[in-house]
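Following are the structures in question.
Common to both upcoming complexes is chain A, partnered first by chain B, then by chain C.
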Partner chain A sequence: MADTIKLSVNGVEVEVPAGKNLIDAVAAVGIEIPHICYHPALGADGNCRMCLVEIEDGRPPLVAACKTKAAEGMKVRLDSEKIKKIQRDIMEFELINHPIDCPICDQAGECILQDYYVKYDHAPSRMRVPQVTKGKKMDFGSGVVHDQERCVLCARCVRFTRLITKTGELGIVNRTDQARVNIFPGRPLNNRYALNVVDLCPVGAMTSKDFRFRQRAWFLTKSKGICHGCSKGCNIYIDHNREKYKDDIIYRYRPRHNDLVNGYFICDSGRMTYKLENEKRLRVPLAAGQQVDLESAVNALKRRMDQADKLVFLVSPSCSLEQMRAIQQLATHKAAVLSGYSEGYIQKGDGDDYLIQDDKSANRAAFALLGIDESKDTLTAALNEADLLISFGNDLSLSGMDCTALGKTELAFVGSYANNCADAASYLLPVASYSEDNGSIINIDGVLQRYGAAVVKNEPLPSMLQILAQLGGAFGDVQAVWSDLNSAVEAFNKVDLQNIPAEGLALTVSEVDNVTA
Partner chain B sequence: MEVKILSARFDIADANKLEVAKKHGAYGTLEKLFTMEPAEVTEVVKASGLRGRGGAGFPTGLKWTFLPKGLDKPVYLAVNSDESEPATFKDRYILVRDPHMLIEGIIICCYAINSHDAYIYIRGEYIYQAKILQAAIDEAYAAGYLGDKVLGHDFRIDVTVHRGAGAYICGEETALLESIEGKKGQPRSKPPFPAVEGLYGCPTIINNVQSIASLPFILEKGADAYKAYGTEKSSGTHLFGISGLVKKPGMYELPLGLPLVEVVDKVAGGVRDGRTLKGIIPGGSSTPVLTAEEAQSVTLDYESMAAHKTMFGSGGIVVLDDTVDMVKLAENLVHFYYHESCGQCTPCREGLGWMLKILGAIIAGKGKAKDIDLLLELCDNIEMKTVCVLSAACTMALRSYLNKFRSEFEAYIANTASAQPVM
Partner chain C sequence: MSNRAELMESGKPFAFDAERDAEFERLAKRYPSRDSLILPSLWLVQDQQGWISTEAIAYVADRIGTFASQVYEVATFYTMYHLQPKGKIHICVCRTLSCYLLGKQQIVDYLHNELGLKPGQISEDGLFSLEEVECLGHCGSAPVVQINGEFHENMSVDKLKEVLATLQSGGRS
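What follows is the complex of A and B.
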């Protein structure tokens, strides 16, 4: 089969990818066929009838574009008066029993009914008879709240629980305009991906208990990011906003489509990791147990390093590739033992065969590529001798080691999040987290992905790379790290920082073969 | 006027019992059947001109030829016995009075299309009928007409009765298949058509009970004998259910092609004394109504009905006299289709309820003049935009009431207007 086919849309010939339905095929060249129920991850259902198009010389002349495969020579018409009228009529039917409670609806601003009303309808209401009333604010479980009146019965959520999670908690009960999405009595949504139905819902029928009524969608800045909740590295939108007189706060994560990594969805626990970016963050620098300003703390730690006889660096498996490399460089420079021991980040058996991984760290694959030792023996042997341990974000307590009982070894912590290890540290350097920094991570499947800074705080914390440079490291910025990676680490010899594709770069299998899960 | 082809054994006591039915000729065609090639059987059915008796009138033999050749998938036969169209009550007579005629027809059809598994999808409310049918099937198994070796021939046929749960939409052939598969009865998008991808994804032929029950006669007496009844394009006989405001409502077997009004007068006794004919619903509630004047020139066949912009439908004739309130009749009709809309696709799900409420408002004295045109526009907006034709069944009929009896709707609205206080 050829990779592209030619067909005519509104009399204009276009070349589109082969093997797709009409909606996706012409969308690839920027032509929109309005649709509500179709979603590429869930297949065509054909129930909304919004995507009806005319096929000239076709039989039948009127087809649902979602159900129709684009074919060579097909003559599609979207701009005829007949089709425009059908689109208006379908919108009218969708809206007659819709509550139109946009002012109090979370979906307002990103609602398909609003968008399509403006684009395809614009007709006044002719509804003079009472509307159908249905259930409101129904708790479907897993943090999902449902409004049956707003629902357009597209069945995306139902199909999601049947096709994707295969848990089937949702169904459409009743017929005619009494049809409604519901759970079975006493059987709420019970899967680890349930909140995806909120994103899938084209209207405000499925809302997230966590997000509802917290922000208007149009106030949110929607930045691209990568979830650091596990080693899958799912692509996300980081939706954040700085309200007047307040700080830039993240309100939600939403999945961002990437076929190389996560497809269209993310897990619920990863979605909720946005809270770690807002709360329980390290803010106050410490030097020798005393609160000081950051500069003093950096200088104090630098002096303490110089005095140390035996120095151990502990790096977190969630550090970015650039951070790891810079830590590694500094370790070599300071003759420190470098360890990546982080067994506690792995929750054996927690992962599934879809997105969720056992390993709750974001970048462990980079350890193997950089040759960073992960064994417990290396770390414990080094700690027996050491008088200073600097942890770069690694919460050693997760791995069953008591950070308050390190004996003569003094503890320093350079990181973003409060944890037992940071609590026990006498030197503390707070740094920007991944949502405020840029960097690269390599996921469990060996896909190298770049992410940029999404959030800019009122009082930004320095990046870990800046701190490392101040502590005597050789690299001032990401570019400098990459020059080194390109020349000194075989796996990155051929990787051009500027040309890493947006969807990530799959490193060859052999390079990540020895990465432990 | 009446003939006894399908109904030959209807008046024989206990003809639902194998012993009695057999004495009167049931299963008489099977010896002949197994001497024929399957394709020959199909040819005879095609030559007979038999058209689908479920309402659409698609040629039965031609439908069978749509099965893909050389597939390694099984072929299924689904017998549509979901008789739910208001005013239609013909198949139930076959199920109760001569179920062995249906089973014999199933054997003939299965042999012709090389199917070994037939499902009879019977309407949920037909509890009594299902019991009698199942008893007949059990007898047929015991007597070797069904089972691993039909009459000792190397041909297996298993027949399963599947009861519906009361949804009209399950008479739509793909909703019927969904229902057999254990899913919610909702029509599938077509294509693919069931002959290519039907029950469990396999090629499936779906025929109405009466169509299948017509096969034994056609096979026994030949295509010409069948064509001797009816018209050129509408051959054979049909079980007509005549109801409404006539003196002798009932089920009558008639050849196709008879004048409608004559049938109403002579067979069903005509309208009651002192009343006049107002209109006739010719073939089930979904067929556009004929005015008394139009009905004069209509004959009971597919061509004549089409020429009068209505449909032959399912043979359910409803006679309306001058006492009938057409607005309330229209509301009753729309209420049925509203209630039975599966709710899957938008225009039908939302539109029928809207139309029903508008009609309710008109009857309640809250109608507005523009409501009639709004209803007509909604008919257009819904019709043929949907996955199946349930909504079209409603809109085609409603449109005929609005257009042909508009003055009655206007009268309701005029009364409303006069009742309004003067501003």
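What follows is the complex of A and C.
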């Protein structure tokens, strides 16, 4: 537990974390100091003046809370008439030329101007002159569309491109009432994290080309999830909605703060992986090449397994830890060769030194902990003799192997997404994907994270664990897998799998530090 | 004030000539941070071609090794940088508070009627250009007009007429 200090807010003493600025410190105990330009990842800029507070210790009458470090014994006043008037005045300034086009604005419902207007202003407009018109729907590149009229010039987006991506495409050009956020002509946003400016923007000035006009923010259910786009395992919000007479659909991913993994941001390609959850999904079960219902397909595959002389199980490096363990158990039970060969999931040189990783699978770290063989030789040797290969979500074609030319080996596929390997399979069992299932994954830095089911489809697909149980596996649910992992796998002997913290558990230090007392 | 965010292209690539190049390299040794070179570099550009084109901003940014957006910000912030070709007689009228209250608008209106110029424009013959600028720091003798860099204080329409007449006849203001 971090050190705490005591200070008083509006005459009430509170105990807050030490070493933070006033905004973050008192936010930790649920007190809001309104602020527009300050963002913890971008530091204090002090340009919006919305966070001005009084500190009764003889210093200048007003200080910006974002630039003031919380200190022991500080007497902070947020409720004086003076402060309330300042907040009203700032809001009036911000709204002078604001188009108030909330009915068609994507940000409506999660907009700082709307929220603060209700909380801190609530006065009718005094403007009786025509509003200044500015640039609309300006294409800034990388899927970002800018509306200058809605902008409050907080410079969060500008600071993001300068401090975080260090690409500096955005600037505030001109000055006074002519100041606008803009790109230099011919040098648009060109970085792989650009869409974070849409989340950072406290108003609707930065919009995502992909999400614009698709959903109202208040209709979206914001479920916690973990991106499976690469081995970083960035924390996300899965924003989804079931419209009337339609299915539960994901409309966007947004970054979710986790200092242990991704900080405040995610990459653009990871953000767009939500599309894989909606499109190109496997729906129709196959048995011996024929479309059948799921129960028949499971039974048919079970019979086929029993008939097989030599069985090979191929597991995807994006399967959850629980799925991998259950597949491993079934493989042992059926005397199948188990392989995790998945070279093709690694795109050498694609990663950077920030969030994006070369390895586009979500859980490869678990292979090593469970002792699953990843070598190509093991797989090819086994395939030479095998008459049945069951792939659990692993698209072999990515690794340069032709799934249609496996010779006498018949191919079965248990997975969520359509791909070349699934197309070639004569047995096909569609299962829930990670957004519809729960499980754990271990990222490239050895952080074990848990995710829950976010989306519930109108016709839910069974989880892979359920299918494995029906195929003869020993585990019915994740609880059973956890007890098995605790007792049978050395790496998890001392990990309290029932109580993984929300921010994840760094396994590298877990053996010593994270044994629950 | 004109919309200074609108940059103009010169249509040809920009590079410092030998003299300005040497000056740039000399200045580069002076500052601990290369970003400090933005202001003097823009002066060098203006010195060389009279105004600052889109190409020149890109050149300066790449030469310094900073973001083009940052040079764009600086160039558009200071009204002393000319973002389009200016006339032989460049007139800057201060539009900030003191000058505003003491009648800068009459001066702007006069120039508009007399020369057909709006702030930010250049006359067809290339003789005059007009710009409304932020505070020139001579509030005590407002309204202030700056013509080709020289200050004219306590201005009125009549005084402006005289100054312009002198300039047009070839004399110094």
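By definition in this document, the second predicted complex is superposed on the first by the 505 of 517 C-alpha atoms of A that agree within 3 Å, B and C clash if a C-alpha of one lies under 4 Å from a C-alpha of the other, contacts with A are read in each partner's own complex, and residues count from 1 in each chain.
One rule holds in what follows: contacts are C-beta pairs under 8 Å (C-beta built on N, C-alpha and C of every residue); 3 or more make two chains touch, one makes a residue touch a chain.
Computed from a predicted structure; not experimentally measured.
Model built by superposing both complexes on chain A: chain B and chain C clash.
By the touch criterion stated above, A:I172 is placed in contact with chain B and with chain C alike. By the document's definition of touching, of the two partners only chain C reaches A:R162; chain B does not. Looking at the superposition, the partner that touches the larger set of chain A residues, chain B or chain C, turns out to be B.
Contact with chain B, but none with chain C, is seen for A:A64 once the two complexes are overlaid on the shared chain. With both structures placed on the common chain, the touch criterion links A:S463 to neither chain B nor chain C. Judged by the touch definition given at the top, the superposed model places A:N97 against chain B, while chain C stays out of reach. By the touch criterion defined above, A:Q329 lies against neither chain B nor chain C after alignment on the C-alpha atoms of chain A. Looking at the shared chain after the overlay, A:S320 reaches neither chain B nor chain C.
Legend: residue contacts after superposition of the two complexes on their common chain; A:N21 is shown touching neither chain B nor chain C.
Using the contact criterion defined above for the overlaid structures, shared-chain residue A:N182 touches chain C, although it does not reach chain B.
Between chain C and chain B, the overlap after aligning on chain A sits in one stretch of 7-15, 25-33, 115-123 or 133-141, namely 133-141. 171-172, 174-176, 178 are the residues of chain A that lie in the contact sets of both chain B and chain C, per the superposition on chain A. Looking at the complex, you find that chain A touches chain C at residues 158, 161-162, 167-176, 178, 180, 182-187. Within the complex, the chain B residues that touch chain A are 167, 169, 184, 189, 338-347, 349-354, 357-358, 360-361, 368, 374, 381-382, 384-387. Remark: chain A residues 44, 46-50, 52, 62, 64, 67, 85-86, 89-90, 92-94, 96-97, 126-130, 132, 152-153, 171-172, 174-179 touch chain B in the complex. Residues 1, 3-5, 7, 54, 57-58, 61, 66-73, 76-77, 134 of chain C are the ones that touch chain A when the two sit in their complex.
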